[in-house]
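Quick one: this structure, given as structure tokens, is what I'll be asking you about.
Every chain is named by a letter (A, B, C, D, E, F and G) in the order it is written, and numbering of its residues begins at 1.
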């Protein structure tokens, strides 16, 4: 079979195989969780397979695009870097020309349209990444959460998971656990709890970022994440003990 | 077989396979219904597979092109976004140069010609979408309904269905039910009734838009759609009871 | 076999397969009949497979190119639209530069040369259409009839059929029935009679256009066509009765 | 085998297959005969497979390039038209720049070099035609006869045949019958006689053109050709009677 | 299978095969070790397969990019030379425009982005090299260690190994032996010790370079390296004797 | 196997197959002999397969490039014509710019470099010709003999044969017969004698050209060639009689 | 297998097959030996397969690039000529712009980078040659010896062999025989001795060039080479006699 060669073409059943294959590259990437809270959006990323001697700073999967916009990705790191550079340039030139910051939706759409172009023209392959992007929504300066995928679609979410083999079950987990108007602590807790389903070793293998209404962005320190992890572990133990029969 | 590779070429029996494959992508998309009423056109779309936590606003399948023009699509979302952006720009530049709004037919033809180009040149694949476009017909400012498909044809319809596996049977349903000069309520009712053949969960999974003579466009609220759904369900129950034998 | 891939190349026996395959697309199109009369040319087209709710106006297969030039096609509608747009632009710019209308032959040659180019260069496929084009012949302003095909040839005819599976037998029918210097009524009657060999449902599924000496062009109304159909049906019945043996 | 794909490449035994296949297209074309007389060149063409209702004027295979230059071809009509247009433009621009008519050799070389280019570059296929071109030779304004073929060679001939399945045996016929310094009547007779070997129905299926010293070019009328045919038929009958044994 | 032809495309399981194959070229290259010390970074390279008569200077695998930046590579030498030339030009033009030296991170990112581009566009193959790059970190002018790979990722390391078949086990060796804040002597010793795991013939087959805080870069002489080798060999012998049982 | 497709690539054993195949086209061409005499160079060409009615002048295989430069080729005529046109233009522009005639070596190198380019770039095939070129050597204005081949090499010869199936044995014949400082008569005789090994019908099927010191070039008349042929035939008969045993 | 088609791509084990195949073309070329002496570099080339009648001057394999730079190659002659032309132009333009001669290293790097480019881009094949280049090293104007290969690497050598099937064993021979600071006579003798291992017929089939400190370059005459050959043959005979047992 060769429907996926030379150019991204349709298979007889209407699929773009190169796009679907690139989604496998996303699936083989790290897990990224995004949670929309009342006055914040939380992005939490699995720092999978960090080599012991690798410097943490260069393997970050959460990138700032603008003062108030943050992007996390799952998939091919090199592809992500290139795409991120292009969004950063776009964000700056928008600011220069419009004398205002671009909205999160504008940037998410920008990312998605680049990704779409790489699925329709010959001579290039699709980008092997999905992204979660959070930035401000102009009317009320409240942060919002967008997702883009290799096909070039972008969509807005209350909570979403990309990357990893368990993205689907994590999404179901979030659907059960998510409630509207979470305060920041609760949103962080939910994001960390979701990651703990796929991550073993606690705060060290997580990266958590909060974007707040009005645009303040903060990478949470490992200790702050660790304390959330501990609270969750204690709750888990307590829950297990309750379930154990009393003899 | 390789008639579908590298460039959209003819198969020995005169088919363009890539175009036919892209129509499969349309078939795998959501169902879109369009009804021409006396003083309006109604577009109704199935909001299939909406993830629970996804924001409704970003998965809309009905897009405004211009003050008085609306486009709904079935097929690949990313392809649609790109095409919609190009129509919007065309609509604006037409208005600037001609100092008048483009007619619905002008815009439908514009969409179709872009789609055709992607079926005849090498290095690109066809767009994986069909569209229903409604806008005004200049002489009397009455809204009209156009369809375009991946092959690049455009045509005008009194009522039409695109997308979904049951498009053909829905089209037959419309052929039986459609009558000329429907008022707005009746046109909305017919559109919703058609969607209910393929949709289970009522108004939540539908999006309905009305374009009225003179150009007023309105997205119907979920409650308005829901009341139409309820009326239809009651009629259906009544019809079933009538059919049941009295014991 | 792959003589038909990537670029239109010769097969070992000197055929251009892509061109021959595109002629299959013409064969799968509607039937178009053209008749040269004394002071007119008649084009008659089968309106095959018109969906019940489709607006007749957008599925026409007879297009005006210029005040006095009309083109009908068989094959892929989307391809035809693109080609028609190019001829229209050429006709207008010819008129602007030459301060005179282009002759039918000029426009037929223009159509054919575009079609030829798409059979010799890589990266494109041939147009999947044949056309009948009628317009004026400058010296005496009498309408004449031209045909073009996917290979890019153009030729002039007294009567010709393109499209449909029965084009060949219809051509033989015309060769038997055609006489020189038909008046308009007789030319229309012959064109309709030819179409009735492939069409069942009468005037509704036919579109007939007359171009007259001096350039008056007229789309015949359905009622006019219908009366011709009835005359023909009565003649047919009379003929059948004559053939029946008297008991 | 795929030596003939994508680009005209050499086969292991040093052949250019696409060129040889295009010569099959020539072989499948009509027969064209050219005869160099004392003060003239005669071109005679078989009008094969003329549809009954087709207008003779548009299926001519002899084209005027310039006042004194004429070209006949065998092979794909659409390819010929395109090439002829290019030679006509070249002839005109030569006349404009040089203030003199181009020689027959100049134009034959021009045709041949275009044909050669289409055998050496990728992305195009060879022209599927051979041509006989006759025009004046400047020193004495005497017409001369050139041939070009799909490979891009041009050569001068006293008498030559291109096209048709019997070109080779016709060439042998000419080698036997040709004598130098034929007057116009004898040259026409020889050309017609050659065509009669492959054509059944007389003058109707022949087109004959004479170019005379000083540049007068004339398409012979059907009646003139017919009388030549009759003379030849009478001679043939007489010859057959002579050969019959007297009982 | 042909997922790796003509253009770097995704395989069904989301891999870019050409990129993975190019990593085999890296694996077939020489071993390069980088160690971050307290006030220095040490790069040590295996000079494998040095022909006896080859001039050492031209087979160096450690290249200066700038006064304070050094790059070592594993893989295809010719590819490396081309890439190094481009980084050198970038470093110079940065200095000219910014009137400051580029940081190590800037240059590592530059190298990586070139490498990424060669994995996404048609008509080129990926670079068959990985690099270790060390230069200064602007705030405190302390040298830092970066790695890039054929996929186009760049990352910062405390200690890293690229190239050779034993890169993975050497990396584990470094993970066990590495401690923070090594002084220069200890960092050199660790780098040499790592290389000795894959190299037999001592200092002659090693190249060692030190970049110090503030930017002083020094290629260690063979004698200095040799003395480190000897110390390590003595320690090794001592360790072996200790392990031997006393009889 | 497909090492010879799409682009001229190396086969596993280091051959460029398309180049070797094009040499087959040379081998299938006519035989060309070149002899360096004391004050002349002689080119003699086999006029193979001349059709009886073809005009000799247009099938020449010896072309003048410049007043003092002559080129003969073996292989595809159409390719040769194109290459010859380019050399002629180069010769003229050299003369214009340098105000001197180009040397034979300059032109031979020019031909060879064009031929080489067509063996290294994609989208074109090699030229299917070899050439012998003779022109003046500036210092003493003595003519010299160069050869070029489809691979793009050029080399100088005292005597050389290209084209035909017997080129190799003819080359051995020349190696035995050639002596230095041949006067013109002897050089012509040797060239004709070589051709007679492959040609049957005497002077008619030969074309002989002499370039003399100082640049006088002359095509020998058929009668001159014929007398050389006769002398050779008489010598041959005499030799055969000597060899016959006396009874 | 098709890893070697259309573009130079990696095979699964990280090889560039087109590059390795082109090295076969080098292996099939003549043997070239380079020796670094104290105040000179000697290049000696096997003149293999010289046709008896070929002019020696045009089959040279040692080319002057500049007053003081000389290049010898093994592999495809036509490729070499093209590359040599480009280096010569570069050497001249360097001299014009820098008002100084380019160093041998600069030119070797220039050659290598061109060769590398032809291994990474689509649409071209690698150059089928390796080169030995000798020129001056600016500081002390002493000649140095560089090698480049089809992969695009360049490296400096004390003594090196390229081309021929026995390059590897000749290299081992040189490794045994080479000593530092050879005077010119000894360097020439060593180079000739190496060639004699693969060449039978003495000085006639060798070409020897010496570049001396300060830039004097000299092609040794055949008689000088012959005397070296004789000395070596006498030494060889003497050595053989010594080895023969005395009876």
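Methods note: contacts are C-beta pairs under 8 Å (C-beta built on N, C-alpha and C of every residue); 3 or more make two chains touch, one makes a residue touch a chain.
This one's a predicted model, so the numbers in the text were calculated from it and none came from an experiment.
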Inset, instruction - Determine the shortest chain-contact distance, in steps, between chain A and chain E. - result: 1
Inset, instruction - Starting at chain C, find the fewest moves between touching chains needed to arrive at chain F. - result: 2
Inset, instruction - Could you grab the centroid distance between chain B and chain G? Build each centroid from C-alpha atoms only and quote it in angstrom. - result: 72
Legend entry - Whole-Å separation of chain centres (CA-atom averages), chain C against chain D: 32
Inset, instruction - Just give me the whole-number Å value for how far the CA centre of chain E lies from that of chain F. - result: 58
Inset, instruction - Could you check chain E for residues that touch two or more other chains and list them? - result: 2, 5-6, 122-123
Inset, instruction - For this assembly, give the contact graph shape among line, ring, star, complete and other. - result: ring
Inset, instruction - Beginning at chain D, go round the ring through chain F first and name each chain as you reach it. - result: D, F, G, E, A, B, C
Legend entry - Footprint of chain B on chain A - complex, ascending: 2-3, 5-16, 105, 109, 112-113, 115-117, 119-123, 144, 146, 151-160, 171, 174-175, 178
Legend entry - List of chain G residues in touch with chain F within their complex: 2, 4-6, 17-18, 21-28, 51-55, 57-59, 76-79, 81-82, 85, 118, 122-128
